[in-house]
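Just so it is clear, A, B, C and D label the chains in written order, and each chain counts residues from 1 on its own.
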Amino acid sequence: MRIGLVGLGKMGANMRTRLRAANIEVVGYDRNPDLSDVPSLAGLVEELPAGERLVWVMVPAGVPTHAVVEELAELLAPGDLVIDGGNSHFADDGAHAATLAARGIGYLDVGVSGGVWGLANGYGLMVGGDEAQVAAAMPVFDALRPPGPRDEGFVHAGSVGAGHYAKMVHNGIEYGLMQAYAEGYELLGASDLITDVPGTLKAWTRGTVVRSWLLDLLVKALEDDPTLGDISDWVEDSGEGRWTVDAAIDAAVPVPVISAALFARFASRQDDSPAMKVVAALRQQFGGHAVKSSGQPT
Amino acid sequence: MRIGLVGLGKMGANMRTRLRAANIEVVGYDRNPDLSDVPSLAGLVEELPAGERLVWVMVPAGVPTHAVVEELAELLAPGDLVIDGGNSHFADDGAHAATLAARGIGYLDVGVSGGVWGLANGYGLMVGGDEAQVAAAMPVFDALRPPGPRDEGFVHAGSVGAGHYAKMVHNGIEYGLMQAYAEGYELLGASDLITDVPGTLKAWTRGTVVRSWLLDLLVKALEDDPTLGDISDWVEDSGEGRWTVDAAIDAAVPVPVISAALFARFASRQDDSPAMKVVAALRQQFGGHAVKSSGQPT
Amino acid sequence: MRIGLVGLGKMGANMRTRLRAANIEVVGYDRNPDLSDVPSLAGLVEELPAGERLVWVMVPAGVPTHAVVEELAELLAPGDLVIDGGNSHFADDGAHAATLAARGIGYLDVGVSGGVWGLANGYGLMVGGDEAQVAAAMPVFDALRPPGPRDEGFVHAGSVGAGHYAKMVHNGIEYGLMQAYAEGYELLGASDLITDVPGTLKAWTRGTVVRSWLLDLLVKALEDDPTLGDISDWVEDSGEGRWTVDAAIDAAVPVPVISAALFARFASRQDDSPAMKVVAALRQQFGGHAVKSSGQPT
Amino acid sequence: MRIGLVGLGKMGANMRTRLRAANIEVVGYDRNPDLSDVPSLAGLVEELPAGERLVWVMVPAGVPTHAVVEELAELLAPGDLVIDGGNSHFADDGAHAATLAARGIGYLDVGVSGGVWGLANGYGLMVGGDEAQVAAAMPVFDALRPPGPRDEGFVHAGSVGAGHYAKMVHNGIEYGLMQAYAEGYELLGASDLITDVPGTLKAWTRGTVVRSWLLDLLVKALEDDPTLGDISDWVEDSGEGRWTVDAAIDAAVPVPVISAALFARFASRQDDSPAMKVVAALRQQFGGHAVKSSGQPT
């Protein structure tokens, strides 16, 4: 089997390696010629068998993915198949599918989880789209997913958009899980009783209710840097946590934990919180409580 | 009427002034001789009529209040009355009442709201204790509370402890209200559309659903300092927010807003959040996401 | 002065009454002929002076408002002015303004607060748009806003969209304030110490830090129904709380209190929470904890 | 090695089985004679070698544990060792240790995680106390903990109290993790796109960032009951979540996620929320919004 792969960044390059290890031929294209196997998207298309081409798109969500889908709609032929494995918003999938369907080209959206560890361990895959198209791409999915029973690392979750929706929710959960461990870590450190915080976390990796892969990673991070002294408390968010809360609001689903985790990240990036200045100002107004002036040492 | 007042700090001194303006004679005692009308607590007791003494205690909660109550239990006589108007925890009131009742001395607990504005406007009063003792102290309550109908600034809320419990809940609500305005203020400032944030808040002071005394104070604070540029975002908490959440947990009452307001204050005081370092470390572990090192400029 | 008013529902009809009381002539149109002063929007336009017409739109946000604006764009003349006083999303205002500007017609967006009480008390007004157009409409604003200094019930908050943005934030704050009082009310009721919950809330209406118009309304509600026994705990949301949290997420502003208040409403409307079923199922799985079967009496 | 085990409920009985399988002789005592190996606590003590006795206590926290510790203080001899493996609050451990130390008896507190699965998998153990006493009990810990490296299922976390403190934090984290999955589950079910919710969760068990033992349990629960139709959304809490939030408040550590998870459980148990009735009543007051009467069908 020979497929095309568009986007050879960190994730795309690793996936190409994993696919090739499974004896799937991969023609990779990246707009950076140093990374690319072919000089252009058109060149990539030419390397694949018309009418049964499979092109996996792994570029940033939004404009870059839109652009690739539009170009592929021009280049591909009826019967070909495009798979968007990037972190697109699920609401984009319908339009992408329609654009391609107008030319007889299939479309699947795939949520891909596993990060840098996916190369070695395999990637968790959530797929949206038509049954027949999913079946056609199954050899690719089987190569990418972790070894073991297929249904433990792969799901055909529903119609077009379901793959990215599922991945979005996956990431929302991830925000909540990480924040839960983070709060627990801070609480361990706040007690004079606990003299071995990293050891306590490590002891949770077998037998306990809270054991998980994220906990294993935290133990690993603490082995490298037992106090996390080299890491800032400034935390980025990649957008999928925001989408999760937005989707929850649309559906009137209460998500107090996922939203709290998202807001903790927002707050972590503020040098100076306008909101908390208001609270300080109000306390000063009604109580004559002392405030810290912004100029004084803290 | 002549009463004793123990504790002549900011609140106590203002209350003495308001009481005297209402023609109640006040003998004030403070351990700081520069503030005190009498040299000792014993001296204060001597100035009052045995068996119908009323001593209002206005000292810090905890050990200082315990000490004054213990000493008054020795000095006072059956029929006298002690009122704790400080910010004691409601769970202390039962013990204080029992200590005094063992010697035939009455006890009321009073939550007092109004801050530095109480001198001019009157204080909101919430009282716990026996009906007859409340009636005996009513001239004092009437002098301290705002003018207008008694039930709009005074309540006999229940048995011993009810006054401080009500004040605790009042302060818990206050945390939530302040945080709500604070979040709104920050949202106004985050929009390019809004060119007049202080003016928008001021326009809410009449006619709107969110008009309140706290909003008036915020408008006042912004008149002095339109960007709150001189105020740090570091916010203290006085303990009653913590007690409110503790009480909610004991009673299995969900308090997502009051607790969120409390935690925002805790976070405001952290230079470096151990929890958020964990989240950053985890993102780096699984995603190869860049983190800020703690040493780099932010 | 004579103006047009489109939409004579509860809000629109009250506003017409208040405007007429201020000697502003109002030609009202509603698609319900029983309420309408004129048979059609075209009829309304004919009653007003071309080139200086002012038409206030007070219809539901979204499609109804879009439709009225589109129709007015056809009917009005250069120099006329449309004001959207409904609860439109601020992101709609730019398009409305552009549609009208293409024909030389002006546009202001106005957030209106005050509910059913606005008729008697006046409405808090937040306005977005150009200075000259705001000036032209000032007699209308002055008639609608509460008496007293103009800047205590009116603001020209910024450019087109600012009025609705400010109103959105106002309502987000309102969610937080209401939930704060609600949590406090429940906490008062959870204590055996407190024997007079309505009286405690009433005692907070003067002198305290938490006094507000919403508190006055709560006292009024409890005077009618001291245990709120006739009211269900099912709480609707009108959309502006959702928009506020969405806007906060877009701007990376932490809003833990406003979002908690929103999610409490979502949860109040669930007969059966899928999320809490998961938590119950997990406890059963790992701990052998008993669960309630959904069929058993609760 | 022969030890005593007090409390043969679900956890105690399983632990006895696991210890015996590791060739540790266990004399079990339970106040229920049908479960007990000996007729009394005194009888249990007689079966063990004086001066090197090890008695593991596995009874409910609070009064039952206090009573057993008091009785053991009378029965045991200097050099003996008591281990509290129950879910005691960490603040109780100091008193227990002091009571026993006064008679030369040692004391360790151990947090035990693993639930009903511990019998087969081993228990995660967190220990507080003196080094020498920990060493003496190590054969017991090695028998109970999961196979594999000792430090992946066991930790000597610190001084007396550290074991229970660590277990408390473990459980607090557990609350947050469970709620995160629960919110995600509800979000999956809220989308029309997702046609296979249980399959999506199962696909997350390998390769993804959110894989964990709790996720495995959720997949298992859904295999038994794909819609959780037989499980009520009423969720108990065992107390350790409350203690975690209390400890966080004492230490001024923000725990928005753990507290949100706790409050979601409180709310799940309310038939009628006083707080949400207040919000409904307020909406009715200011907006004339319709409320549901409590009597009407929902």
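Convention: a contact is a pair of C-beta atoms (placed from the backbone, for glycine too) under 8 Å apart; a residue touches a chain by one contact, two chains touch by 3 or more.
Source: prediction; values computed, not measured.
Two chain pairs are in question, A-D and A-C; the one with more C-beta pairs in contact is A-D.
Placing every chain at the mean of its C-alpha atoms, the farthest one from subunit D is found to be C. A turn of 180° superposes the CA atoms of subunit A on those of subunit B, with the angle given to the nearest 5. Rounded to a whole number, the gap between the C-alpha centres of subunit C and subunit D is 46 angstrom. Per-chain Cα centroids separate subunit A from subunit D by 32 Å. One simple way to say how far apart two chains are is to compare their mean CA positions; for subunit A and subunit C this gives 37 Å. With touch defined as above, residues shared between interfaces to two or more other chains in subunit A number as follows: 115, 179, 181, 183, 186, 209, 214, 253-256, 260, 263-264, 267, 273, 275, 286. Taken chain by chain, the contacts link every pair, so each chain touches all the others. Against subunit B, the residues of subunit A that register as touching in their complex are 10, 115-117, 178-179, 181-183, 185-186, 189, 214, 217-218, 220-222, 225, 228-236, 238, 256, 260, 264-265, 267-268, 271-289, 291-296, 298. Remark: subunit C residues 90, 113-115, 118, 121-126, 128, 145-146, 148, 151-162, 165-166, 169-177, 179-181, 183-184, 186-188, 190-191, 193-196, 199-200, 202-215, 244, 247-248, 251, 253-258, 260-261, 263-264 touch subunit B in the complex. Touching subunit B in their complex are the following residues of subunit D: 209, 237, 242, 245-246, 249-250, 252-256, 259-260, 262-264, 266-267, 269-270, 275, 286.
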